[in-house]
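Presented sequentially are two complexes of chain A, the first with chain B as partner and the second with chain C.
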Partner chain A sequence: MKSPENVLVLTAPSELTANDASSLRDKAKTRFTENYTDINLDCSHLGFIDSSGLGALISLQKLAAQRSGTLRLLKPQSAVIQILELTRLHRIFEIVPG
Partner chain B sequence: MSAPAPFRNDPSLITPPGAEEGIAWRWTGIPSLMAVREAAVNARKFLKRQGLMEEDLNAWELVLTEAANNVVLHMPAERAGDSWNLQLIVTPKDVTATLTDHSPGFEWPDKVDLPDVDSESGRGLYIIKEMTSSRHYLRGPQENVLTLVRARQASGRITNADNVREPRTEVFTAEEKKELEATLDDMTEELGAAYESLSAIFRFSSESHRITDLSDFTSTLLHHLGTVTQSDCGVIRLAEEEGTFRTLAVMGGVPSPDTLDDGDFDRLEQAAIASGQDQWIEEGTLPARARIKSGLVHPFYEGGILMGTVSLGRHRLTDPMRAGDVNVVHTFSEFLAQHILRRRHEEAAQRASAVKRELELAASIQRSLLPRSMPSIPGLQLSAHCESAMDVGGDFYSVLPWGDTGVFFMMADVMGKGVGASMMAAVTRSVLRSVPQLYEDPGLVLQQTAKFLFEDLDRLEMFVTAVVGTMDLPSGEVRVASAGHCPVLIAMPDGEVYEIPACGPPLGLMEEIHYPSTSMRFPAGSRMLVFTDGLTDPRDGRGAFADHTELAHWLKESARSAGPADDLHEALLHRLRLNSATAPLADDQTFILLHRLETPTAP
Partner chain C sequence: MSGSLEKVIFICPDSRPGLERVAGDGPLALALYLGKPLLDHALDGLARRGVKEVLMLVSAWPEEIRRFLQGSHTWKLSVRVVTESVEPSPGTAAEKHAAYKAHEVLTLDFLPQAPGVPVLTSLEAWHRSRAELLPLLAPSMIGTQEISPGVWTGLRAQVDPTAVLTAPCWIGPAARVSRRARVQGFVEEGSIVDHDAVVEDSTVGPSTSLGAMTLLKTSLAMGSHLLNWRTGSVTHLTDTFLLAPLTRSPTPSSSIPGRVAALLILLCTWPAVLLLAVVRGGSLFHRALAAPTRQPAGTRIAPQGNPVPYREIASFTTLWRRWPMLWNVVAGEFAWIGNPPLTPQEAGSLEGEFERRWLEAPTGLFTAPEAEGSFPPWDDTAKAHAALFAGCADAAWRRRILIHSLRMLFLGQPGIPSPASAP
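What follows is the complex of A and B.
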């Protein structure tokens, strides 16, 4: 695990849908300043995610990848992991279980 | 997003025609994303009241959100006030959702696939397809109707909606108990899997301390990894210099580049390395004879440097590996990478320490070869110096009393550095010292030494330059013989400098060879300089002296300006250090200075 000063820590809302996807995307873009390479997204409260929410996660992953970093999904609930597995996206994100 | 949307919710339950056993629920809303969420959440609540399993509830919440989002996103702005309807019909076997809207609609593709992994959209229809049993989309001029059916999980059963809408009591209904038990079963299974992974890691960690061979270590790791991830075969390959790979461990024969000769595995491995991402094996990814139905190729890195690949395959399971399995693969790979790095550091440290020990040994051998003191001969001023380049070298010298009034001197330079050169110097010194009966004729000493050493030097492909000689005070004569060594310089009292050159090739080139001795007068006030080529011939950069001629010139000037009892030792050292101060010595620097004093010193 890289040192914490490289890691932007964000908290996912309880729902990540077409409603709130752009809000998370914008928040990440604003706060992902030059000193960061990685993003840790705390998913412990995330109970529901739809395809737009998955799109937001991919945009976060791209932000990190531009700086050779990684997006880590921390403690996602099993329902969220199932969606990631269904859409094969668990191959792309680093999933850190709770 | 706007303020709370004005929903027109019709909570009354209706029974549609032809669905005697079904319970229906309807929703009408405006086309906004917030309305979609409200509809999905309320639909979930309704379905939960009908006793659907958690998995069904999750699926419907997502499917309805995706389907209704599509409606909203396809709705032109001028028709933002148009309503859309959702109807759910629950039967004991399945749930049917009917979504009616007045948007222009869209073409439902014949084949619904996942988009590229880095695409930020285009997964909605795939999710709907994967989570429903059947789908019908009717696109009409006035309205579009999407009908979705999903079979219910086996343990779910329709209930009397009115009953479960009663205030909750402490007593669980039979259905709720079943649901709870199912949830508990799921949790137990998940915990079990996690525990299995953890205990495998711990088991492996404790075993790994006892394994010293990297290949054994990796095999054990692969075996454990295979057990945890239910894989039947696997291979771990280590990235080596110049982009080559070494197979460290194989389990179950395949996937291995050796058994898949058509390069399919290589292609996967290359793709994993090129993208830095896991490559997934599905049915059809590899040729049928590989019998691999699912698996993955994981490239692992340490500090951004590719360390190797871990590949696993399953013969029986067609499902892709789950997130838990992938985590275990990643964790084990990190562990292996750390282990390999630690091993490399240890090996480097061992090598460095071996080299250091060798250098220390060589230096100690060389120190033992040098005389601790000079013989004390009345009328003769003697001094010597030996400084090794790079800790050790092959130079040595000796000055031995010869009779009561003379000395026998020797100097040699073994070609090469390190312990080998030091050992050979020791041998040469012993041989030279073993023939004192021959000292009277230095040429004979060299001849005999050449004969003794030839076999060893020839085998080791080494050679030694050596100069030996005598100086006898009463006769005032020096006799010198040189085997390929630098000339001996003699400065006469009048300042004239003579060179005595080599009279034959270095030792080790010929077994039988005659070295003629050269004799010279060495009157009082004369000085002699015996040296090795480190003074004039460094391997790179400029030496203290460009050549013998410059050294001879220095000797001439120094001898002329020095007092009759002055020692040139310090002056020569000073000159040598002037030139070597900025750079380390390129070659050993060794010299002997002999000065026959004008007036014999009292003993």
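What follows is the complex of A and C.
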């Protein structure tokens, strides 16, 4: 079990599209300092995600995987889960239901 | 009656060693087993045991499982599907979903009708369990009848009067056993055992034709594959008179109007395009191979084809270089809108279900990743565009791809490197 200080907590915007994907990616890269291994992304407010947003999530996952960590999506809404399932990304990310 | 609801956690299998061919391009839980998907039997068994609520944990093919569950409510069960990234063990599932307060955690490795009979633990179990489960499962299926002790036939099964059926024997719905054939085993839905063929302690999988005078012994015949359940060996047969899948040909990637439009554009534009290509010099065409499209689960059509040869105009750097691919659209091999062509090597390097989703959409002239601004070498975002397009390309997105692509075409935006330059 990872201790909380190893986990970077981020909040996803209400829409994760091409407009917001790079800012989320940049924010994660900047804040994912050496003491972190895992990323928890609070998705409770995320109502829409497109393929660019999925690309950003994969970048976050790879960022965590470089330190043998993982990306956890916290409380994603059913529409987001559906997209993750359709693209089979539910097999890559750890989804923590609400 | 206590009035309390009986709740179970039910774990759908991810995959099982040796059963990859059994599942085909779809969830193992929905593989046909004695006339019905295995999961159908399991839910029927749960309902008969008095279970009222099921928390179903699914890692592989969750949307196919959901679609299947939506299709029927005959079990009178309340089923909630929760996706997992990997198939959990019963212990992990109980711990993770402790709040659900389940009475039991079950897996599909055993059917509730016979908890002591393994079904999915090996290829041998997949075949041999049928003998024990047949008398338990067959009576509850519509249209089945026991024509002699231990010999069951499904709805619309046809058995020639000269054929010899020996228990345990199951001839599935719409299956046909021809004259003088001998069957001691299981013939699944829509299959044919041709005249004088012999099935001995074996299973003929769904929609499979076993040729005349063929002997099938201690094996499973699945399409054109022969799986020996005793040794685990797998043989691919190319002689269709011995063994063949009874599946229809893959549907064309483009519609008739789309193919006609491609032909008209080819006819109207070829002098100008070829003249321009010749003027630019160099070799005219670049020849390449596109990996075949994978058919999505549940379509029951031939899952794999051969790589598709196509040409591009080598000297063009914009989307116009794909002009010769219009011929592939005419032939029904490519679509107007789809995913970019991948070489067989590129397709082989796709890892995991997410990346392989790329191949579940047809190869297109105008493509989702390119319209969204991704170009070779394909990165994770391009793979996300391709996977999402394969999963849910709605009319609005297709329209957006078309508009973006036409803009690229007529404003001459570069950015389509040749496949040779892609890694």
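The working rule: the second predicted complex is superposed on the first by the 97 of 98 C-alpha atoms of A that agree within 3 Å, B and C clash if a C-alpha of one lies under 4 Å from a C-alpha of the other, contacts with A are read in each partner's own complex, and residues count from 1 in each chain.
Just so it is clear, contacts are C-beta pairs under 8 Å (C-beta built on N, C-alpha and C of every residue); 3 or more make two chains touch, one makes a residue touch a chain.
Just so you know, these numbers come straight off a predicted model, no measurement behind them.
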When chain B and chain C are modelled together on chain A, clash or fit: clash
Under the stated touch criterion, which partner chain does A:88 make contact with: chain B (first), chain C (second), both, or neither? both
Name the contact category of A:97: first (chain B only), second (chain C only), both, or neither. both
A:62 in the overlay: touching chain B, chain C, both, or neither? Say first, second, both or neither. both
For A:51 in the superposed arrangement: first (chain B), second (chain C), both or neither? both
Identify the partner contact of A:19: answer first if only chain B is touched, second if only chain C is, both if each is, neither if none is. first
For A:79 in the superposed arrangement: first (chain B), second (chain C), both or neither? first
Could you look at A:11 and tell me whether it touches chain B, chain C, both or neither (first, second, both, neither)? neither
If I apply the document's touch criterion, which positions on chain A are contacted by chain B in one structure and by chain C in the other? 18, 50-52, 54-56, 58-59, 62, 81-92, 94-95, 97
Under the stated contact criterion, what part of chain C meets chain A in this complex? 59-60, 62-63, 82-86, 352-354, 357, 368, 372-373, 379-385, 387-389, 391-392
If we count contacts the way the header does, which residues on chain A are in touch with chain C in the complex? 18, 21, 50-52, 54-56, 58-59, 62, 81-95, 97
Under the touch definition given earlier, write down the residues of chain A that touch chain B in their complex. 15, 17-19, 48, 50-52, 54-56, 58-59, 61-62, 68, 78-79, 81-92, 94-95, 97
Sites on chain B touched by chain A in the complex: 1, 33-34, 36-37, 58, 61-62, 65-66, 69, 72-73, 114, 117-124, 126-127, 130-131, 186, 190, 194, 277-278, 280, 296, 304, 320, 322-324, 326-327, 330
